[in-house]
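There are two complexes below, and they share chain A, which is joined by chain B in the first and by chain C in the second.
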Partner chain A sequence: MSAAATTGTYSPAASAGEKRRERKEELRRHLAEDADWPRADGRSFHDCRPAFMQTGPTTAASGSAYAEFGKTKVIVSVFGPRESKKTMMYSDTGRLNCNVSYTTFATPIRGQGTDNKEYSAMLHKALEGAVMLHTFPKTTVDVFALVLESGGSDLPIIISCASLALADAGIMMYDLVTSVSVSCFGKNIIIDPTSDEEAWQDGSLMVAYMPARKEITQLTLTGEWSDGKITNAVELCMDACTKLCDILRERLKDASSLAE
Partner chain B sequence: MRDLQLSLNQTQKVRLDAALHELQTIAPASTSAAAVSVADTIPVNDEDNILKGHGTSDQDGEVVATLCGVVERVNKLVYVRTLRARYKPEVGDIIVGRVIELAPKRWRLEINFSQDAVLMLSSMNLPDGIQRRRTAVDELNMRSIFEENDVICAEVRGFQHDGSLHLQARSQKYGKLERGQLLIVPAYLVKRRKQHFHHLEQYDADLILGCNGFIWVGEHVVVGQNINIMEDKPSLSAEVENFTPLETRRHICRLGNAVRVLSALGFTLTAELIIETAEASVSSNFEINDMLGAEFYVQTAQREAKRRADLLRKKSGTM
Partner chain C sequence: MVGLSEGEKHFIRGGIAQDLRADGRRRLQFRAMSVETGVIPQANGSARVRLGSTEVIASVKAELGKPSILHPDKGKVSIFVDCSPTAAPMFEGRGSEDLSAELSVALQRCLLGGKSGAGAAIDLSSLIVVDGKVCWDLYIDGLVVSSDGNLLDALAAAIKVALSDTGIPRVNVSLSAATDEEPEVDVSDDEFLQFDTSSVPVIVTLTKVGKHYIVDATSEEESQMSSAVSVSVNRHRQICGLTKRGGAGLDASVIFDMISVAKHVSQQFMSVLDSDIAAAEEAE
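== the complex of A and B ==
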């Protein structure tokens, strides 16, 4: 009887979720010591995750791009320029309409794939400085970003991916925008944080940068920072952005030589 | 090229790669060198005062690209030609478009431009062919001329001061297109030519290469016959006339598939090339549906590579 009961019922393995808890525990321990520690994915503090980017995943869009940085996977589609809706007011310059949404399976906790209003607004801010809106009056460019999997530094990756998609769509821009974020842990600065690291950070900084023009389109600073560290962090971000931009450029060159 | 998703077997892959590689080597070296992406510096001679054209801007005294594409130079003018942007109309272009809306005295058309094109009732020939003022009755009967989702052919008349695009259809050859296929390809694959209307007699079909990348393949229509269709008299003889024979339908599908193959491979579309491709499919016994299979793609690429190589040889031979 008791034997039958044991085979009929089942319980989750005791080690389920153990690994993630362990990683978090380790991070907390390191933070308490405030010393150097190895990051979960084996990077050093100033290493970015390997970037994989590609143009043209969505054939129906005017331009599109896919980016994969570690576990973060993003797809951005650009539509237009197309005529603005009648209900909108007349405007001499073009409109940029940005929308960031998450899939239902993007985060470990299953949620509803909702639009992220905050990210949408920030994406718009980061891109509007780079796109030459005056070249397409009365029309709208739609930028739709979909986060397939959220693994930290989502917004910077969305911004970089969106600028690649805009360039792919043949929309006039002053320069490509790339974006990188850093997290602050006590006295340490960690570049390109994962979602675990983002959960424990003291402060974060995100920079959207146009490398060829040496202009920053957006800078977001949250949390606790000391004065000297901010300058250091901004410089770190800008350098990383420049290097990321080279990758974007390479991708665009590949695409254009293929189209020949 | 990027839309190409084929399941090639090993030998087909090798053959396609070889053909594409040959095409790349034939292409003049300057074209690949002239490819720029956003914010690349375009090298220019400082002494000759150049004109900065579309897709360029000035930054610290240097000419910088604002688009991805190929640098083109015409005398002093330097501009960037994009490969994947929307269609940029020029006055006199022949375009094919789809009606999306009826507005007072005008139709709005989707033509792959950044805005909708406008065809005014006053800038087209009425079906009865008489030159007269457009009355309120004509305005009410606009739906009998073109309805929503009709495919029509027209000519670019010009731009209004606010940048909107006006079309005209002041000839019998323009108007509604029926009984055929509309194919949408990237606009850069259609070059501006003297002739955009082609009557392919051997197929009894019409081919219209719209400058906006909309291509129409349909049954041949005798100019002037449209008038009869417009009259609302459904009779038996008209029905027989409107019937497209199966043979013609097959030809239309074959031509349509030829356009699909060529555009997927990224070859510039000309009537000659389309006919050649369709004929090649007949001579090598491809069924119409097999034309979209991997083997025909490979053969088309190989044929085009050979054709261009021959052309190059002939040119160097005469020189």
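== the complex of A and C ==
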């Protein structure tokens, strides 16, 4: 009985680990060959995943947006401007309150998304430079982001989706903020990485950019990078951000023409 | 928050524009630094770093643990920063949570490298004792004792010094015949292995005030900043981490310029730090 039970035991963690290791081996092989390898989803290195974005999924919010990039699915609601909490000190500029949460089923291992505690602060930093906070003194705008499914490049997608939701809510902004990240493997740079690619990357770089003002609002980098590679990666991201921003503008135009 | 009058703000901004700051420094000049090692006897390594009136303590503790299933060939490093309410009243209770989290994340980003372990300051595979069974868990804790700006640079410097002070006990493993069993580990009390800190980077934060940027800003100067970029640079002049603070957007060319300035400044800072470490170890 016990022997049969052991052979029939199903252990997801170990097999998942094995599968990942296989993929890692494959990546290693590609790196050794140093050739352009096909990515798991058939993209080339500098291709982004197709972006699907839509405004207004939640009706209770002042503005909301839904974004789907490959497997990554994010929903952002914006509430306000509404009166700041009584405990807050008086402020003659508005407040931007950002919160990012993950559903428990967003990641392959349940509840793992809570690792990303810093995302709320990062979202705030990426957006605060774009929102005209002086236009709503004494009040707070809440930005709540929920990651339904985590499929890589979560934070950049949250940022882009949040700026679309802010625009949908009619919050005054200097410009839309879009964000794109890249992963580096050896000397190769790949754009818009999936979670598998992120798990084995040598380094990553994320840019949040205001295309019309040509300003970078947030930039983070991990891993070891040379000067030239940073320049290349940042320029690649800025170009992708500009294109993503056009998509955001299209969506906003669609929404307003529907309203008429 | 620093309360400043209009006149004081004008004075600080004007001074920075003229390359003569309120305390007589140039724009790219650090405050006097003092370094002390071995300040916490219970820890495997520790250091106190003072930069002007900013004071931070870093401690490194090593404990034996079990590697994670996903990375059986790697040890674990965790970095935490705590801001003591003795440094500033606003750090009381949950007031320091955001700042602590921000500093911890920035340090993790700079020290731990990419997911694959490339570019990491601490080689995680050097922390392994028995593959898949026993590894060292390294706990790096930073404490802000007194806060007068430029906490991130001071903390990174303190961690670098603490790591160079760290001795990891030598372990003797007696593997039993059955590989499934837990190996017996004998931790030596008097034999220590020195930690290789040659690849630990330093962080240089460039704070942009007006059109110019300064290093090692005091909290008065930080209150006048539009944005700040923290760049971590290692001995090989490679960038191994970058974070931006402050709301204002920056043009890409300004960021590239800041990176090259930070690289230049970091090499001087690192040589000062190296000689301070040597002096502190001799004094011990």
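Assume the second predicted complex is superposed on the first by the 227 of 260 C-alpha atoms of A that agree within 3 Å, B and C clash if a C-alpha of one lies under 4 Å from a C-alpha of the other, contacts with A are read in each partner's own complex, and residues count from 1 in each chain.
As a convention for this text, a residue touches a chain if its C-beta (ideal position, glycine included) is under 8 Å from a C-beta of that chain, and two chains touch if they have at least 3 such contacts.
Remember, predicted model here, so these are calculated numbers, not experimental data.
Because the two structures share chain A, they can be overlaid on it, and in that overlay chain B and chain C fit beside each other without clashing.
When the shared chain is aligned, no partner comes close enough to touch A:A106: not chain B, not chain C.
Applying the stated contact rule after C-alpha superposition, one finds that A:T59 touches chain B and leaves chain C untouched.
By the touch criterion stated above, A:T217 is placed in contact with chain C alone, chain B being left untouched. Of the two partner chains placed by the overlay, neither chain B nor chain C lies in contact with A:I75. Look at A:G170: by the touch rule set out above, it reaches chain B but stays clear of chain C. Of the two partner chains, chain B is the only one touched by A:K253; chain C is not. Once the two complexes are laid over each other on the shared chain, residue contacts for A:L244 go to neither chain B nor chain C. Using CA centres, the angle subtended at chain A by chain B and chain C is 120 degrees, rounded to a multiple of 10.
Of the two partner chains, neither chain B nor chain C is touched by A:I158. When the two complexes are overlaid on their common chain A, residue A:D202 makes contact with chain C while staying clear of chain B.
Between chain B and chain C in the chain A overlay, the least Cα distance found is 15 Å.
Overlap of the chain B and chain C interfaces on chain A: residues 210, 213. Within the complex, the chain A residues that touch chain B are 55-56, 59, 62-63, 80-83, 132, 136-139, 167-176, 210-213, 249, 252-253, 255-260. Within the complex, the chain A residues that touch chain C are 13-14, 17, 20, 117-118, 121, 125, 128-130, 184, 198-205, 210, 213-227, 230-231, 234-235, 238.
Against chain A, in their complex, chain C makes its touches with residues 69-70, 98, 101-102, 105, 109-110, 112-116, 118-119, 227, 229, 234, 238-245, 247-252, 255-256, 259-260, 263. Taken in their complex, chain B has these residues touching chain A: 1-3, 24, 27, 31-32, 35, 37-40, 55, 57, 59, 64, 66-70, 82-86, 114-116, 162-164, 266.
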